[in-house]
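Single-structure report; data block below.
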Amino acid sequence: MNIEDLHQIARIEKSKQEGFQHQIHVCVAAGCLSCGSGQLKEALEKEIARRGLDTWCRVKGVGCLGLCTAGPLLSLETAGIFYQGVKVSDVSDILEALGGAPVERLICPVNSAFFRRQVRIVLENCGRIDPERIEEYMAESGYGGLALAVSQMSPTEVIEEVSRSGLRGRGGAGFPTGLKWTSVAKASGLTKFVICNADEGDPGAFMDRSVLESDPHRVIEGMAIAGYATGASQGYIYVRAEYPLAVKRVRLALFQAERMGVLGNNIFNTSFSFNIKVRLGAGAFVCGEETALIASIEGRMGRPRPRPPFPAEFGLWEHPTLINNVETFANVPPLIRKGGRWFAGLGTEKSKGTKVFALAGKIMNTGLIEVPMGTSLRDIVFDIGGGIPRGKEFKAVQTGGPSGGCIPGQFLDMPVDYDSLAKVGSIMGSGGMIVMDESSCMVDVARFFMEFCMSESCGKCAPCRVGTRQIYDILCRITGNLSGPDDLAMLEDLCDLMKSTSLCGLGQSAPNPVLTTLRYFRDDYLSHIHDKRCLAGACKAAREVA
Amino acid sequence: MKIHPRKNVRSDLNPSRLLTFRIDERVVSAHEDESILSVARQNGISIPTLCHLDGLSERGACRLCIVEVKGVARLLPSCVTFPRQDMEIITASERVVSYRKKILELLFTERNHVCAVCVSNGHCELQNLAVELGISHVRYPYLYPRLAVDASHSRFSVDHNRCVLCLRCVRVCDEIEGAHTWDIMGRGITSRVITDLNQPWGSSETCTGCGKCVQVCPTGALSEKGKSVAEMIKRRQFLPYLQMMRGRQDESWPK
Amino acid sequence: MKDQGAPPEASVQVSSKSVEDRRLRLVNRTMQLYRNEAHALIETLHAVQESFGYLEEDVLKYVARTLRVPLSRVYAVATFYHSFSLKPPGEHTCVICMGTACYIGGSGAILDALREGEGIVSGETTSDGKVSLLVARCLGSCGLAPAGVFDGEVTGKLDSEHVLERIGRWRGHEH
Amino acid sequence: MAETITIEPITRIEGHGKITIILDDDGQVSDARFHVTQFRGFEKLCEGRPYYEMPAITERICGICPVSHALASGKACDAILGVHPPEAASLLRRLLNCGEFIQSHALSFFYLSSPDLFLGMDADPAKRNITGIIEAYPEMARDGIRLRKIGQQIIEMISGKRIHASWVVPGGVNAPLDAGHRQTMLQMIPEALEIIIRTLALFKKTLDQHREEIRTFANFPTYFMGMVDEEGNLEHVSGRLRIIDAKGHIVADAIDPADYREYIAEAVEPWSYLKFPYYKPLGFPAGIYRVGPAARLNVCNGCGTALADQEWAEFREIERGPLMSSFFNHYARLIEILFCIETMQGLLAEPAILAARVRAVAQPNFPEGVGCVEAPRGTLIHHYRVDEDGLMTWANLIVATGHNTMAMSRGVLQVAKRFITGAKITEGALNRVEALIRAFDPCLSCSTHALGQAPFTIRFMKTDGTILGET
């Protein structure tokens, strides 16, 4: 494959698509599949064939359309119409309405804030291309970034471009990507690795899954570019076994990319060679930690080890290793194609670009969104998210999963970026955003996260192994109205201990949900402790006592 | 993960440089590939440790050897931290000592450490640390797990109640004896050391019966049969010799 | 180290040899794909889990010998990761998602209802061997919270009644 | 209409106990019970532990007689191993036991009971304590303190610690005797002898004043059990059991403690954590028997040491046949101290006692083992079962206070009936009830190991029948 071939394939694909007057996009990401979009797609195909419409109309399975709550979703690309909650029985109505007035009862308002306010870079192809066909990705300039990088840029230039963009790691901590790439590039050694962390372990986050299910080639391309920039020739995608569809699509995409020659030896007729293998996670949240992830790829238990040395100099099989997460890699191809300056034009001063969030919890529009960094929480929750259902009061939004915190209403106007979130005690995390209303007890929420951390703690270091259990016990005592007067002080004491002395990020950040809820929702705690009552009425024991 | 600075991490920096820096206001000098812990000990400054044992790979897991470094916000485990020129290290600040105590207290709550009836009473590293740090009571509630004793081996027994999960047994069995009979199952608070497929030690197919695990165990978790209360005194003289004589280049199964 | 010996397939005791061979085929293929290298352990365990439904002790020994991984290490890895199970699963499997969104949406109450209504606790199989109840950390179907998986079929917007009814049907009694 | 009097806690005994006395409508005592309110569950917590931890675990049952538990436990472990400890170890174990008898009996007599005995049952309670004794009988107080200290020093010199030394181990003991310590101990003997002879003389003079107590302190016929040696003489560590009836006839002799279950069975009553052992051939509750100092002197043919034998003969002169009143426990204690001092002297003279070989080494060879010694308060039986790896699967401990429970309860009733009448209950009367218990010197902390439901319902009732409270 050379660059000319790439353009050729894109041209052929484009004209092929233009040959269809109507393209019906059916969401076949996991969310809609579980509402029956698979059957819907089949029914549509059958009906089209039966009616002999297949010359001018075609059905295409696409990745996530975003608004998971309204699934199964369907979009008519050319007409710009969205249908929601579509059933098999709606098929004939939809086909009959093609080219005419849309089916009113199924219409999903496209001009609502949910769609309007989004800026899509990572998700630009989600819901538009068939994730199981590499040609469609190529038709959308796919692999153009890789071609550009390997044929016209030196590795140093690629890294400079990434640095210039201000891209920061989307996995949680927000480490500058350019800097990370530089360290690996500069590390000595002939063998280096690139790892894509797709072990999206935060409960309540499904950004990476959606990207892998909807646009896997984007991630592959990003990894290849990283491989070129850092001098690695082997990549690994470490993906959760709990995402079978994502695994299947990534494997298929890798197969296609190899067959097309955009992976393998002498990519685009250059001396650059790059291969990618898939490794399955096996249900361990701690494997999101770099060193644990490496251990897991090596076939061992995912127990983190102290850093330094960092994976950049001492990683997979002791070789320099670059680890970025799915969304970070997914940002790379457009960044290379359009230039770091373009990317840096989006977002805030210190947080560039866009961020994908998984909106969930007590919110009207649950689903996947992508907004520029710096968008306010209020805009995300109330404008894009459509606010709280059933007229309930907003209480908090949880970001960053078990390592993050609960942000109260007083910070709704805060811009969402790495530093602002850190300032209020939370973290960006991978992008899970869970909205809670007045019916949630924040002690119970803290207990939920601590239970998670306790069962996900690898057990290597004592503060995390025993600390999570002790904190969990205290929180159980509080929600069960069995706490003593010293429990709150002990809770804070243990949180401080874990934060300061745990070995890895899991233990160091596990107290965050407790600390933020203690800070912003202390009344929830005090009511349990002093009045033996759950303010939100959520805790069972509390209800029974009252 | 075996981090062996001399062999792996800094091989490119050969020959290692001599640095001068400060530990507890004292100016010391050392090679850049000597851990802060080892430099401190050479200079007569004691830093509490539990998972560290000379002759075994480092784990950095017990977190008792944490020290403060001026200008660094995080506390660093001295067993796996290496000095830099002009670094200023404080080994026993009030903050560090209070954390060490709390960690130790957590260990005491984790399992049923009843010193009075323990074979290692009086010869126990955990007990000694508690004495050294002045722990007279434990603030946190005891968890009282129900753990069994495995006395199926003809010469040794393992009492999980007294295990602190330092994994010295696992390391010595793998790194020195080369049998890898021991490992650790499960995760988090439910982790437990096991032999082979979590079977009674006496039925292990791989155990050579060498007893090194027993000798490196810091507490009474592993002991020789026939030893009664307070009689189990561990012998570790063999470790440096064996390490030298069997010195494996790299571990096929690093921690 | 050179002598691997014959693969001790025979040591795996299952009623029918032909069934056995078929089940081990996937396991063997996985190990061969990685040239029997030790780092293939997790991938191999996935294969064992897939074809046997759980990690049978004899198969673990077989894998350990073939990949030349210490027995205790195999057991350690098998118990470290939650995807693996050492117990045979029930006839049917019900997974309830306990991700944040699902928890906020009430999946905790569903588990309570299952415990009270059917006497099932997560991680366990009913005494009649019909149903195994598992808890997932997050299915990634947060948009459909609370979500669950019934014999591989993801279902969203669950409530206690619905779940109890499905489990009841599996166990052959009505609610 | 009944009224309940509760004495709680009973003072000057080991551990925590409670007595309930129920009065009928006429204010007459109708029933009385002796409760143990502590629950320690030692038998249960031993399960799963290695057999060799048992001496150390069980000696933690008590801070007064840990040596007895360690010895009984060590002997039960010997039986599990199937070994005989080397001669030196046997001698040293007996020597250690002497030290304990001296300190424990001294504690009971001088510290706990002498205020009642010398200051009077009806003395001002503010004075009726060890400080009162120091004021009134300074020499005796000094003697008592000194004697107890001698006992403790002996224990310390042999085992390295005053209490909980973990020195008794399966198959023997864990360290030989230091020759210097032997010398020191020998030097202590004359002083100890002087003290005990002086005290015996002093005590015998008070017997007349206590005629009423002698008459009522559990003065009723029961069987008695105690350990004797091959000649039938008093023995504390390595003898066999003998049981006599109320007339003094031997009903069972030379019982191997391993066969104790043929003679003793245990009943559980809902109102106490104590178990109620009884002499099996007679059944429950008829098979009431007593153990302890007086019981031992009742069952034996003599002490086997010169001075103690003289005292024993004089003691047995008091009544024909066995002495029934448990008040005589005080007397017997002093004689036993004398016996122990003399025994020590003999043991220390044995050349073998300094031998370095003090331990027989073996792995468990038998699944079951019984160890029995005479503790200061009476016969102590440890009975263990282990699995093939030597882990405890079951334990049964019968302690002195257990054997005596039935007698104590009946004794309380007897004392109460004699001293409590009508509406007026004097402090002195209540003190006598306590004093009876103190005569048994019960070690409640070690006797509370039966697993049962929490037993106590103490009703406080007004005369009109309304229940005021229930605990």
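Note that the chains are named A, B, C and D in the order they appear, and that numbering of residues resets to 1 at the start of each chain.
By definition in this document, contacts are C-beta pairs under 8 Å (C-beta built on N, C-alpha and C of every residue); 3 or more make two chains touch, one makes a residue touch a chain.
What you see is a predicted model, and the numbers here were worked out from it, not measured in a lab.
Counted by C-beta pairs in contact, the busier of B-C and A-B is A-B.
Work out the mean CA point of chain B and of chain C, and you get 35 Å between them. Each chain gets one centre point, the mean of its Cα atoms, and the points for chain A and chain B are 38 Å apart.
Remark: chain B and chain D have CA centroids separated by 47 Å (rounded to whole angstrom). For this pair, chain C with chain D, the centres built from the Cα atoms lie 60 Å apart. Residues of chain B in contact with two or more other chains: 184, 186-187, 253.
Residues of chain C in contact with at least two other chains: 38, 69, 73, 76, 80. Chain contact topology: the protein chains form a pattern that is neither a line, a ring, a star nor a complete graph. Taken in their complex, chain B has these residues touching chain A: 1, 3, 8-9, 12, 59-63, 66, 74-75, 77, 80, 99, 102-103, 106-107, 109-110, 139-141, 143, 164-165, 184, 186-191, 253, 255. Put simply, chain B touches chain C in their complex at residues 174, 179-187, 194-198, 205-206, 252-253.
Contact residues on chain D toward chain B in their complex (touch as defined above): 48-50, 52-53, 55-57, 60, 164, 166, 169-170, 174, 361, 363, 389-391. By the touch criterion given at the top, residues 188, 284, 286, 291, 295, 300-301, 303, 305-306, 309, 313-314, 318, 454-463, 465-470, 473, 490, 493-494, 497, 500-503 of chain A touch chain B in their complex. Contact residues on chain A toward chain C in their complex (touch as defined above): 30-31, 33-35, 68-69, 71, 200-206, 209, 241-243, 279-285, 296-302, 358, 360-362, 366-367, 398, 401, 432, 434, 436, 440, 445, 448-449, 452, 456, 458, 540.
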